[in-house]
Amino acid sequence: MARISLRRKIYRVVFEAETPAGKVFDVVLLFLILASVLTVTLESVTELRRLYLPYFIALEWGFTIIFTIEYLLRIYSSPHPFKYMASFFGIVDLLAIIPTYLSLFILGAQYFLVIRVLRLLRIARIFKLTHFINQGQILTTALRASVTKIAVFLGAVLTIIVVVGSLMYIIEGAASGFTSIPKSIYWTIVTLTTVGYGDIAPVTPLGQVLASFIMIMGYGIIAVPTGIVSVELAKTDKSSFANTRVCPNCHEEGHPADANFCYNCGYRFLNE
Amino acid sequence: MARISLRRKIYRVVFEAETPAGKVFDVVLLFLILASVLTVTLESVTELRRLYLPYFIALEWGFTIIFTIEYLLRIYSSPHPFKYMASFFGIVDLLAIIPTYLSLFILGAQYFLVIRVLRLLRIARIFKLTHFINQGQILTTALRASVTKIAVFLGAVLTIIVVVGSLMYIIEGAASGFTSIPKSIYWTIVTLTTVGYGDIAPVTPLGQVLASFIMIMGYGIIAVPTGIVSVELAKTDKSSFANTRVCPNCHEEGHPADANFCYNCGYRFLNE
Amino acid sequence: MARISLRRKIYRVVFEAETPAGKVFDVVLLFLILASVLTVTLESVTELRRLYLPYFIALEWGFTIIFTIEYLLRIYSSPHPFKYMASFFGIVDLLAIIPTYLSLFILGAQYFLVIRVLRLLRIARIFKLTHFINQGQILTTALRASVTKIAVFLGAVLTIIVVVGSLMYIIEGAASGFTSIPKSIYWTIVTLTTVGYGDIAPVTPLGQVLASFIMIMGYGIIAVPTGIVSVELAKTDKSSFANTRVCPNCHEEGHPADANFCYNCGYRFLNE
Amino acid sequence: MARISLRRKIYRVVFEAETPAGKVFDVVLLFLILASVLTVTLESVTELRRLYLPYFIALEWGFTIIFTIEYLLRIYSSPHPFKYMASFFGIVDLLAIIPTYLSLFILGAQYFLVIRVLRLLRIARIFKLTHFINQGQILTTALRASVTKIAVFLGAVLTIIVVVGSLMYIIEGAASGFTSIPKSIYWTIVTLTTVGYGDIAPVTPLGQVLASFIMIMGYGIIAVPTGIVSVELAKTDKSSFANTRVCPNCHEEGHPADANFCYNCGYRFLNE
């Protein structure tokens, strides 16, 4: 009985955020994740690594041991340990600790850098527990509803990019840096998205005229996904939040959720 | 009879996508188009062409022969062969195979590269058969409705570009790279669309002040086409989804969901 | 009598576009304006000027004489000649011909280039006569309604630009190209508007961190004018086009303009 | 009595803008603030400082003395002097004069440049008195309502930036300028926000492919904050303009213009 109770207590601290201990745990975890990612980031700066390598290694092992304990506690306290381990966050939690242990056996551990950076994903779990999730769902619903329209749009844009890229390859040629069609396509993407590095730029008058068309097109084309997302967001937002209480007497819509009377026929709402 | 039946069968496979064979045909075709465009693209990389030229030529002939057979099957099975050949997709299908045959007779075949890349347009036909077309139509309708507004807007923007381009030519002059008005106009487009290569950049204080104005203007101006497209998309979306109640008496469309009477014939709707 | 009639005839051709002659006049004028601006533009290219200077001069005088005749005809036929001469288009018409005549007396005529390019503004008059004006008015109304909101927004953005520009001047200093506050402000504008030439770029870590903040802010800030214009456009559009017919019996709104019955109470509209 | 009256008079001139004297005071103050910030800005240009340093110092002391008098008048006339001094504008007013006095004692006064530029914030007070505040509030309300959605969005974008930055560090390496993860993250921000300086640009094919993905993503991602702000602005705009009918019985706000009954107390509106 006592054992179950301990497991349950750990569960409430580790997985939930209703209790004070759970909230403290989340804040500490958030701080540790950010600190560990910052460590990875700074470790990659050559001068810092030269000076402070022992400290970086010590910190990394410190974070790994803490995250390992946390991972074991999660497995221990979870009612369905294997389900947790196979879940998205279970895998992310495992990926957060594996690279450091593997670095004992495998050379070239720098390729694990990205995996260690993935620890950032663990932050998503912490914010899951707040009202952020609500807003996140509205965003996700709107984006999912826009997906087909945006796919059609992206398909058209990618076709334009490939055709224009090939054209620029022929017009400008290797002398201006357009050494191959893939490179030309890369330039077209850089231009159409208005990034414009300037590492490759058209030199011939005809190339500059075509480039001008692409820029103006890219400038206008951005309106389309923005319009799509705006409309979907407006629809999602309205249907989930807006004044949609309907009068049971006259079926007039648009009353606020806390209305007492219908503003059309004066019917008294039964509010519990 | 059997012959007509074969023709009909081919038609169903080649032009339609309802049957399993038609679906397989479409997927294979999609794969072949993408593979052939990828081949064209990679062939343009100097190092790859040097190493694998025979393979590229063999692949190109392989794709061409398959697309030729497909083209002939389409002509054969189409109920109106000449109508098909004169249609948009008929011409695109022909352009997909002609360059390779012409390269036998004409030198400088690299200029056909772009024509071969146009094979991408054939993908549009494949997606015509899915629900993408519905979303595509909403986009097209909205964009068509925005065309006049965007034309007015573009006209104003182009006038500003030409006037500012001339001004910058006088202010900066050839020393800063603004060697002629066309080049200055090119720079203005690069700046107003926020691409900003940096191959030409203003050097004089007055030129930088004018450039700042253009940048801020370009930054704000992008709001206009976005606003236009959003509004049109919202209208298109609403009219195709929301007011779609049809009068059972006169078949007039576009009533709100809570209508009591048809606004055209006055028929009383039976609302439960 | 005959004289008045001639004047009236000229007026209809020169100022209006209802008659076939008036339409032909407008198309010819549009062509001449574009050709004359193209001439100015190409004349500024050094190589072309070296080769074809006599032709450019001849063309310029040809355009000027035609535009002068047109200007005199407009004065002659206008019912209020001085009102026309003092109007916006009257001044633009005069500016279109003055530079060439002045070039006879004044050296350094290249500074008149911009004035000659202003001929483009005359195109606006031609399009005034089509349905473009309607769409243009919707745009103008929406933009005018947004002006205060955008001014507040611009004021805030400009304050941020000046403060951040001063900060970057102190952080980066002259060594990285931030030689003065005005130059730093110029860089901030280039960055915030996402133009990003790259002629000046932060080098110190602190400068790059601040630059990152500005970029992300600039990226998000663009949402504000876009949102403002979208909302105003939606309002303008709705009020001028949408289904705003109100039932005189039950005051239900939202009927299409050609409705015969109220969809709420079934009242029969009196359509003339 | 006379003394209180003087204090009150100063208050009306210095803090309010209803009287003619108050309006003149505001315009003069606006002019002085802009002139003083312009002086700071120009003083930083090396050539100008070399030539006109005495004038700059004289001007700076002139502005400081005027602003000091203004500050003392505000303290004197304010009904709650300490409340004013501790308020946002009280602190800004103090910061506007302190740097010049401190420069008498402390070397390296150039670091006070930014503080002096903060004088710009004082302009906000002047515009507080016009109808700008109304539009500003609509903007602020909309932005505040968007904050959670934009925070969720920014969190996701920052995670992508860190992960992609680490990936690019491994793919491109120090040879292409991606010398550390922080530098790679900086590059990712420059690219995702479509700024694109070009000081660092990917060189390897794999790096360019990944860069292309980020650019297209950045190009599309901008749709999300724009959509969020548009929707919130539309809601704010509507709720502050449309549903503003107040119940004369219970003073509940937010009824539609055509309401028959108060939805709070059931009071029957008298509609003509």
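Labels A, B, C and D are assigned to the chains in the order they are written; within every chain, residues are numbered from 1.
Following the convention adopted for this analysis, a contact is a pair of C-beta atoms (placed from the backbone, for glycine too) under 8 Å apart; a residue touches a chain by one contact, two chains touch by 3 or more.
Predicted model, so just to flag it, every value in this text is computed and none were measured.
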item: Interface residue identity across copies subunit A, subunit B - same or different by half; value: different
item: Distance-maximising chain from subunit C - centres being C-alpha averages; value: A
item: Rounded Å distance, subunit A centre to subunit B centre (Cα mean); value: 29
item: Length of the line joining the C-alpha centres of subunit B and subunit D, rounded to whole Å; value: 41
item: Residues within subunit C bordering two or more other chains; value: 182, 185, 194-198, 218, 222, 226, 228, 230, 234
item: Interface residues, subunit D side, partner subunit A - complex; value: 148-149, 151-153, 155, 159, 162-163, 166-167, 169-170, 174, 179-182, 185, 191, 194-198, 201, 205, 208, 211-212, 215-216, 218-220, 222-224, 226-228, 230-231, 234-235, 254-256, 259-266, 268
item: Complex contacts: residues of subunit B adjacent to subunit A; value: 37, 40-42, 44-46, 110-111, 113-114, 117-118, 120-121, 123-124, 127, 131-132, 135-136, 138-139, 142-143, 150, 154, 182-183, 185-186, 189-190, 192-199, 222, 225-226, 228-230, 232-234, 237, 258
item: Residues of subunit D that touch subunit B when the two form their complex; value: 194-198, 226, 230
